[in-house]
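Here subunit A shows up in two complexes: once beside subunit B, once beside subunit C.
Moving on, here comes the complex of A and B:
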């Protein structure tokens, strides 16, 4: 039952083997692209066209990708980065979602806050780092504050546009039935803005990891970014690349996770737009 | 005629009263501040103006902006060119997509220490970092834009045997332009962050260097002044870009509502500038 709801799987089953062969061929080609890029990298190393200090030999980086996994600091760094990113994301969204719906509910408020929001969204949070370090020191709390600020704006902006793009009929219905404000907030605006909030959260999830790693690199607070910075300053560039590889993998994994979660939470919306 | 001016004035007032109140509040609340970390706003502004007029803050700012401009130019040229190639065939796009998704997910800040330490403190490594980080959003949005080009348009061009270069410059590029501009807007935010970070690392000049240098000397007012200037710069740059986008894409915004919302409604997966 659950499986049949997903159009992709239904088609997959009915068309059977032909589809599967195609999927397998695509997979081979996708692997081919990766091999092609690795081959260029190896060729660049062999011919000396690529500076070793920038891009160390591919086999050494490959070895380090396996080697860092057993290092004790690897799991700890990964944990710090993920945990702090999630804390920042949570704080930022908890503040942004109600604020966004309130701003979206009243056009006058939206007008008044537009300039502030434009300023906030275009502010590179990393530039705040020296001030944040002066205020909080180079601590995890400082990192969480930076992440929360960075995550606040994408969620806020998406929530506002979600709350504003309410169907005219719904607005009129609410008015004619005199639905009280708290019901309007929880039962109408929040679900209606759901798809937009979800887009905002998806953007903010990516942002949270990027800012987390960025802050760690600059301020050397515990996390993957710190390991990258340290490895580089100890002249262990291959190790730095191994950590960078896992930072990228983390981003891919979170995007994937968010796709699954979104399909489950907003199944009703995806189905209604597909029809 | 008189009413028009009154209208404009009221319009302005409606959007500016809250920011103005907050600035006044900050000015008032910080006026007697003795905390070394929160100097009075009036002093920060005085420092900012003083540094702009007498110091070499303008030189730092111009240097940073020129790095940003050159880096962005490289990213736009290569991102759009690669995007046009990859986006043209659906199979080609699907073959590349896992690799591109991974490369896009790599935090661009992560390569800063490697590049800067390897290549030194000049402008070239900073430009390289900015170009590399801004490349991905432009590339992915161009691919999306090319992919979204209507098949009728492509079929017509093929039926009339429009030559390749004409097809690229007169059909594919304009059709993908709204998406490309959206990609550049994201890339601008990424580039701004990388500009600042790369100057935190190894630099002898630039606005990012100015801020860290001030903070390591515990010159709090200068730190605040530089930070506010970066914020103002980000705001000005993104407003200017929005104007440019409106002007270049006037035909797109004029399109009947349905077509416009349909394309805008496409999920933007390349969000998040930080």
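Moving on, here comes the complex of A and C:
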């Protein structure tokens, strides 16, 4: 713990280098697992153990992945899914973060709302779809509302636990220096809850894509889900699989982006807990 | 060490005494503090010692307004302390918990000033100056995780000074630090009181520290705790770790206090 001149910095770089080698090895392993599963798939197709109607041959799906990429509707579908997912994520989080901090600030409010929140978080948003369609029609707005509702709860729950877990000495410090409420909110509780909020947002990012694609499949609103649904109804199973592949890839990509952003925003946390 | 008697710095007009009148505190019907009376004059340094579990921290929390007393009261000047007041700055034992880890040292020091509405440029300038005063020039840009325990505790002291507290309350401030760092920080406290003419109340279980720092040591003991002794420490204004601690009077004060603390509570 006793750190000398400019600690962290030098040490961090060397750790980063080690991580680089580690990361490359990890990448090889992860790639290996994928190749292995693809090989089993190909083997299943070749031996006839896997029904072609359920899981089309790997090379056909592979071809479709490439073919779908150049279709004009692909970019549009991807754009709709991402744009609506992010809008929903944004709306849900903007509502959930302040609400979570306010709830976490006051133990009485936290107790009073606990049951409602437990109810809300286990409530499947897809079940709300018929009502949302009734209210908004099968539109992008309806989709965004569904995504916002689904993203609201994981962010809210994480934010509440972050705001509640304020160190006792920090609470005393803030009180004894008479820090006014708005500074307590923005400069203390918000950053203190930051690591938790970040976890909530990471979960919510995945949820936003899931719900976006799910709602598109059911309601045929524009997006990847709609393309999956249409491909299936035209009996183009390989195309459906190609879109499913891209939906998954989107999740991987967003998680990667989120990792980068988190390291940038919460560097203080990663480093002060690194001991 | 300067052997000439230092000119006592002029007492700021706003300097106020801290007084405790008939203070009692009980939790769930268990009396922790009973009918405590004490007074800290402007510019005075007092130590409060007592066996562990004597309610020292409870007393400090009552003094700072963080905790309401069950009966009696605490006054700064003529004003009753019910909530934390602007005249008092607190330094906690848990320096790690009292720094905001997402703020640089200078931001931590300047933060309470932001609460007071001091403009940004002014509060940062003051924070840098106070960091220099506590022997940390040029480390304002570091985060708490880039500093040792002793440095973090210096930042906590700088924060109290920047806040313009003229009563500094310290709860076992150096208890978690190694001996050498503790000595350095004790000397820092002595030099600050000379420069700034602030009153300081140090709660500690370390009798050497209590005697070394204070003009007066208040000994708490018993269940519930009361003031059992009030020892004036006449070791002068210029003290240092080697000669002062070797002074025979130092040893006398030390044994007098130790005896009080170890004496079995009267049946």
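Please note the rule applied: the second predicted complex is superposed on the first by the 243 of 275 C-alpha atoms of A that agree within 3 Å, B and C clash if a C-alpha of one lies under 4 Å from a C-alpha of the other, contacts with A are read in each partner's own complex, and residues count from 1 in each chain.
In this text, contacts are C-beta pairs under 8 Å (C-beta built on N, C-alpha and C of every residue); 3 or more make two chains touch, one makes a residue touch a chain.
What you see is a predicted model; the values in this text were computed from it and never measured.
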### Task
Mind checking the superposed model to see whether subunit B and subunit C fit together on subunit A or clash?
fit
### Message
For A:260 in the superposed arrangement: first (subunit B), second (subunit C), both or neither?
### Response
neither
### Task
May I ask you to decide whether A:244 touches subunit B, subunit C, both, or neither, giving the answer as first, second, both or neither?
first
### Query
What is the contact status of A:209 with respect to subunit B (first) and subunit C (second): first, second, both, or neither?
first
### Message
In this superposition, which partner touches a larger number of subunit A residues, subunit B or subunit C?
### Response
B
### Task
In the overlay, answer first, second, both or neither for which of subunit B and subunit C A:194 touches.
second
### Task
Using the touch definition from the top, say if A:170 reaches subunit B (first), subunit C (second), both or neither.
second
### Task
Quick one: classify A:51 as touching subunit B (first), subunit C (second), both or neither.
first
### Message
Looking at A:131, would you say it contacts subunit B, subunit C, both, or neither? Reply first, second, both or neither.
### Response
first
## Note on the structure
Overlaying both structures gives a minimum C-alpha distance between subunit B and subunit C, in Å, of 16
### Message
Give the list of subunit C residues in touch with subunit A in this complex.
### Response
64-66, 83-84, 86, 88-90, 92, 94, 97-98, 100-103, 111-112, 114-115, 143-149, 159, 163
## Note on the structure
Contacts from subunit B onto subunit A in the complex sit at residues 14-19, 22, 37, 91, 94-99, 101-115, 117-119, 189, 192-193, 196-197, 200-201, 208, 211-212, 214-215, 218, 220, 223-224, 227, 230-231, 234-235, 237-239, 267-269, 271-274
### Query
Given the complex with subunit B, which residues does subunit A contribute to the contact?
26, 29-30, 32-34, 37, 51, 53-54, 108, 111-116, 118-119, 121-131, 133-135, 150, 154, 199, 202-204, 206-207, 209-211, 213-214, 217-218, 225, 228-229, 232-233, 237, 240-241, 243-245, 247-252, 255
### Query
Contact residues on subunit A for subunit C in the complex?
1-3, 6-8, 167-170, 172-173, 175-180, 183, 187-188, 191-192, 194, 268-269, 271-272, 274-275
